[in-house]
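For reference, chains read A, B, C and D in written order, and residue numbers begin at 1 within each chain.
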Amino acid sequence: MRKSVPLLGAFLLAGAAAALEVAEAAASRTKAMPHPDLIDDLVAANRILSDQGVVDGFGHVSVRHETDPGRFLLARSMAPGLVSADDILEFDLDGNAIEPWGRALYVERFIHSEIYKAHPDIKAVVHSHSPSIIPFGATDVPLRPIYHMSSFLGAGVPVFEIREAGGAATDMLIRDPALGAAVARKLGGSAVVLMRGHGNVVVGQSIEQVVFRAIYTEINAKLQAEALRLGQGEVAFLNTDEAAKATATNNRVLSRAWELWKQQALRPR
Amino acid sequence: MRKSVPLLGAFLLAGAAAALEVAEAAASRTKAMPHPDLIDDLVAANRILSDQGVVDGFGHVSVRHETDPGRFLLARSMAPGLVSADDILEFDLDGNAIEPWGRALYVERFIHSEIYKAHPDIKAVVHSHSPSIIPFGATDVPLRPIYHMSSFLGAGVPVFEIREAGGAATDMLIRDPALGAAVARKLGGSAVVLMRGHGNVVVGQSIEQVVFRAIYTEINAKLQAEALRLGQGEVAFLNTDEAAKATATNNRVLSRAWELWKQQALRPR
Amino acid sequence: MRKSVPLLGAFLLAGAAAALEVAEAAASRTKAMPHPDLIDDLVAANRILSDQGVVDGFGHVSVRHETDPGRFLLARSMAPGLVSADDILEFDLDGNAIEPWGRALYVERFIHSEIYKAHPDIKAVVHSHSPSIIPFGATDVPLRPIYHMSSFLGAGVPVFEIREAGGAATDMLIRDPALGAAVARKLGGSAVVLMRGHGNVVVGQSIEQVVFRAIYTEINAKLQAEALRLGQGEVAFLNTDEAAKATATNNRVLSRAWELWKQQALRPR
Amino acid sequence: MRKSVPLLGAFLLAGAAAALEVAEAAASRTKAMPHPDLIDDLVAANRILSDQGVVDGFGHVSVRHETDPGRFLLARSMAPGLVSADDILEFDLDGNAIEPWGRALYVERFIHSEIYKAHPDIKAVVHSHSPSIIPFGATDVPLRPIYHMSSFLGAGVPVFEIREAGGAATDMLIRDPALGAAVARKLGGSAVVLMRGHGNVVVGQSIEQVVFRAIYTEINAKLQAEALRLGQGEVAFLNTDEAAKATATNNRVLSRAWELWKQQALRPR
């Protein structure tokens, strides 16, 4: 693979002398460099979501800058399963890349920028076409938590219809800040918003949490559809209290799954 | 991966001199050391259940101590697919870890301790969120044996509703001995008990048997759901005699499957 | 893995001198040694059926001896995915192993022996619990050819009910010649016979053909069930002429699939 | 694997001297050699379609010659997953191989030749038995775009019934130019045509596009069937404008998926 101006990657990978030099150049571009661990985690998140089948050639995951809440990190336009540290770019909350150096950007980066702008508590965002979720966006059957792993769905899962904000003749994409803001509004206080004929967006307070949620939303969709058929529509879901309490518990054990997924996604092939 | 006080692992792996020294230290903590083969089998069971999709980042498998029936072996809190010999801890039947040395414990270890306490004949326990089984716990369709491999389901498969024992606002987890005892009572003389909105527990007379049962319960759930749709509810299940006789036969050939699963799960990647 | 008296394996693998010696010993046990290529193909068939998900830890595949029609080759009792050349044994048509040398035998070898006895034209047999086929054995929905790859189903797919030949309290297994003969009768002139609550048997004129049929019977079952749901019962199947003609055509291109499956199954891991 | 007269392969792989010699021999056979990159892409397409489950041992992909529109490139008769550069042959629009040198040809090459003849704008063709699509060919449920990735289905997906062109007793194959021409007519201006009891054909303006379309047609079929069940027949599909605009957008980002699929398909095992 060609490397196009691997500035950030060079900083991360280079020896001490070169690193200093690059650091001086980079200092002017942002108020604070993101911590290398955050970038490593974002790369792992890209690989995990691909390995687990949440994303394929398309979809993306971002994280808010840990010291500068007006910035977030997101890969250049490419398949998540191929992302490395030097593919990570920094963006402001209008969706502008800080130093793109000619690299292509995701058309739908405004999903991320507008959600970070509207929801200060959100620290990480996944957009995907996660397969089992697509049918829920195309019908009026609401996604609900069938077991404790997906209890975060208990806050409700709204469906974004792009025809309301963009009219009946869009290319379905969230290609400008206005559409991004409409998605952010529809999301409200939920963890997940579906997009009719397109995919979904999952949000969280950390990379680990948003990856956990994206994976278990996919699994829940599959199991819920199966249960609805098996029970001919009669299914016992988690109630509101159960969902809230299970979510609090799960948040304390996210790393157990993260370590497994990371080992599976990053193993040499 | 960091190794946190790999005491048991050191015993298993060290040379003769070091082993003696550690054995003296360990002698005071338990009446009898478990046989290394039992620990190896428990590690293999963890890896197999992960490789076969019965567990993901969550779920656990335990075995009763072979010479001290008041003790059982279970990994520290971690994904089963990553468990090694030095992650295995010893517990008493109140769910206390003998020498945790600061390692995190599974919140739900009481599933295991209370089942071993209530059912002296049970030697091994699997708790999982095995996916195809979840819909059966969320509907009133009973799990039944569709073919001879899952004939052990012929003893009936009860469903545990945590609201009965824990009220309508739990986090769904079996986080204390009282809830564990309620699961053990619901299990009764069956091989499997489902947990609404959560998962299931499978028990057996050996590690090989409990792994066999956990895997074929998952497969049966998938095939039974499919058959119910295909036959529009009309499905021929094994009768009681067929189920009992097939179970006796299967118990004599468990190792045939175990050897394959072990080779697949432990192959280098 | 322990090797128990790998006589045949030694013949295949040993140098010239040792081979001669073993050949003399073996000469007395059978009228003619099977050609090493036939054994290699049978080993490949075991591995392919496992790799393609037709068999798991259970199931078996056999081939009739190419020069002695009163003999057939079948592995000792073990998971097909682990079979090597020195695990292959020779049997007579009563299901007796010629030189078992203490090795365990499949309980259900009488499926093979009785089919070879009743049907001289059949040269290879697969018995499996191929998952998607199980629901068709447990309901009264007939398996029919949904596309040309599974056109051999056009000859009809009978269902064997063991209660007719063995009563209502068997362990479901074909554990004696009488039950094997009942399966062979039910098979008749078809390529496949289903076994209620158990699995199926596929037959063919060669190892390549029987493997092809076993794999496409599994795929057909999955696709037919899906089509019946999609079309709400209205599905266009191949007619009798189409099925017969497509079968004749497929028989000329079996090796195209065999080469791929073999490469996938035997690749080093 | 045996190599049978690897003429084209030799040209691609040999040193300068040998290449010249072969080039002289080849010059007489075609007006212009295809660019090596085109052959590499066609090999990658074969491997990708196999790796993604669109083709198994059967199915094929071709590309029109980039400078000679009366010629196209297609592998010799073999499983797509095993195709290498020296397996690629050149054909004219009557389905004649230019220099087959005794190599076996796909019986159904007339699908390709007749589509290239009838549709000058089409540059690449995939024929497959892609599994999830089979049920749509066997029922009267039309395939429609459930999300933007498969928006190219918005142009309609006709079903080819071979009984109309070939009578009720064919072997289901497109084994002559007349049947190929009937498929080309049925295709019309669509991107995909289904074949009852057989498979489907996907066309595109480039190898990357046709591979993208073949993969997302398979995914769409699976998700559409699922959505129809979930919504009990009520499903929101992309409308005509949305489908057309999304298709234009997707055509600009095809390489994002292609790079991922290629890396996955060509990785050493």
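In this text, a contact is a pair of C-beta atoms (placed from the backbone, for glycine too) under 8 Å apart; a residue touches a chain by one contact, two chains touch by 3 or more.
None of these values were measured; they are calculated from a predicted model.
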### Summary
For the copies subunit C and subunit D, the interface residues, called same if over half of the numbers are used by both and different if under half, are different
### Message
Distance between subunit B and subunit C based on Cα centroids, please, to the nearest Å.
### Response
34
#### Entry: Shared interface positions of subunit A, touching two or more other chains
229
### Message
Judged by the touch rule stated earlier, which pairs of chains are there in contact?
### Response
A-B, A-D, B-C, C-D
### Message
Looking at the complex, which residues from subunit C come into contact with subunit D?
### Response
145-149, 151, 219, 222-223, 226-227, 229-231, 234-239, 241-242, 245-246, 248-249, 253, 256-261, 263-264, 267-268
### Task
Show which residues of subunit C lie in contact with subunit B when the two form their complex.
1, 50, 56-58, 77-79, 81-82, 107, 129, 131-132, 134-141, 168-173, 196-199, 225, 228-229, 269
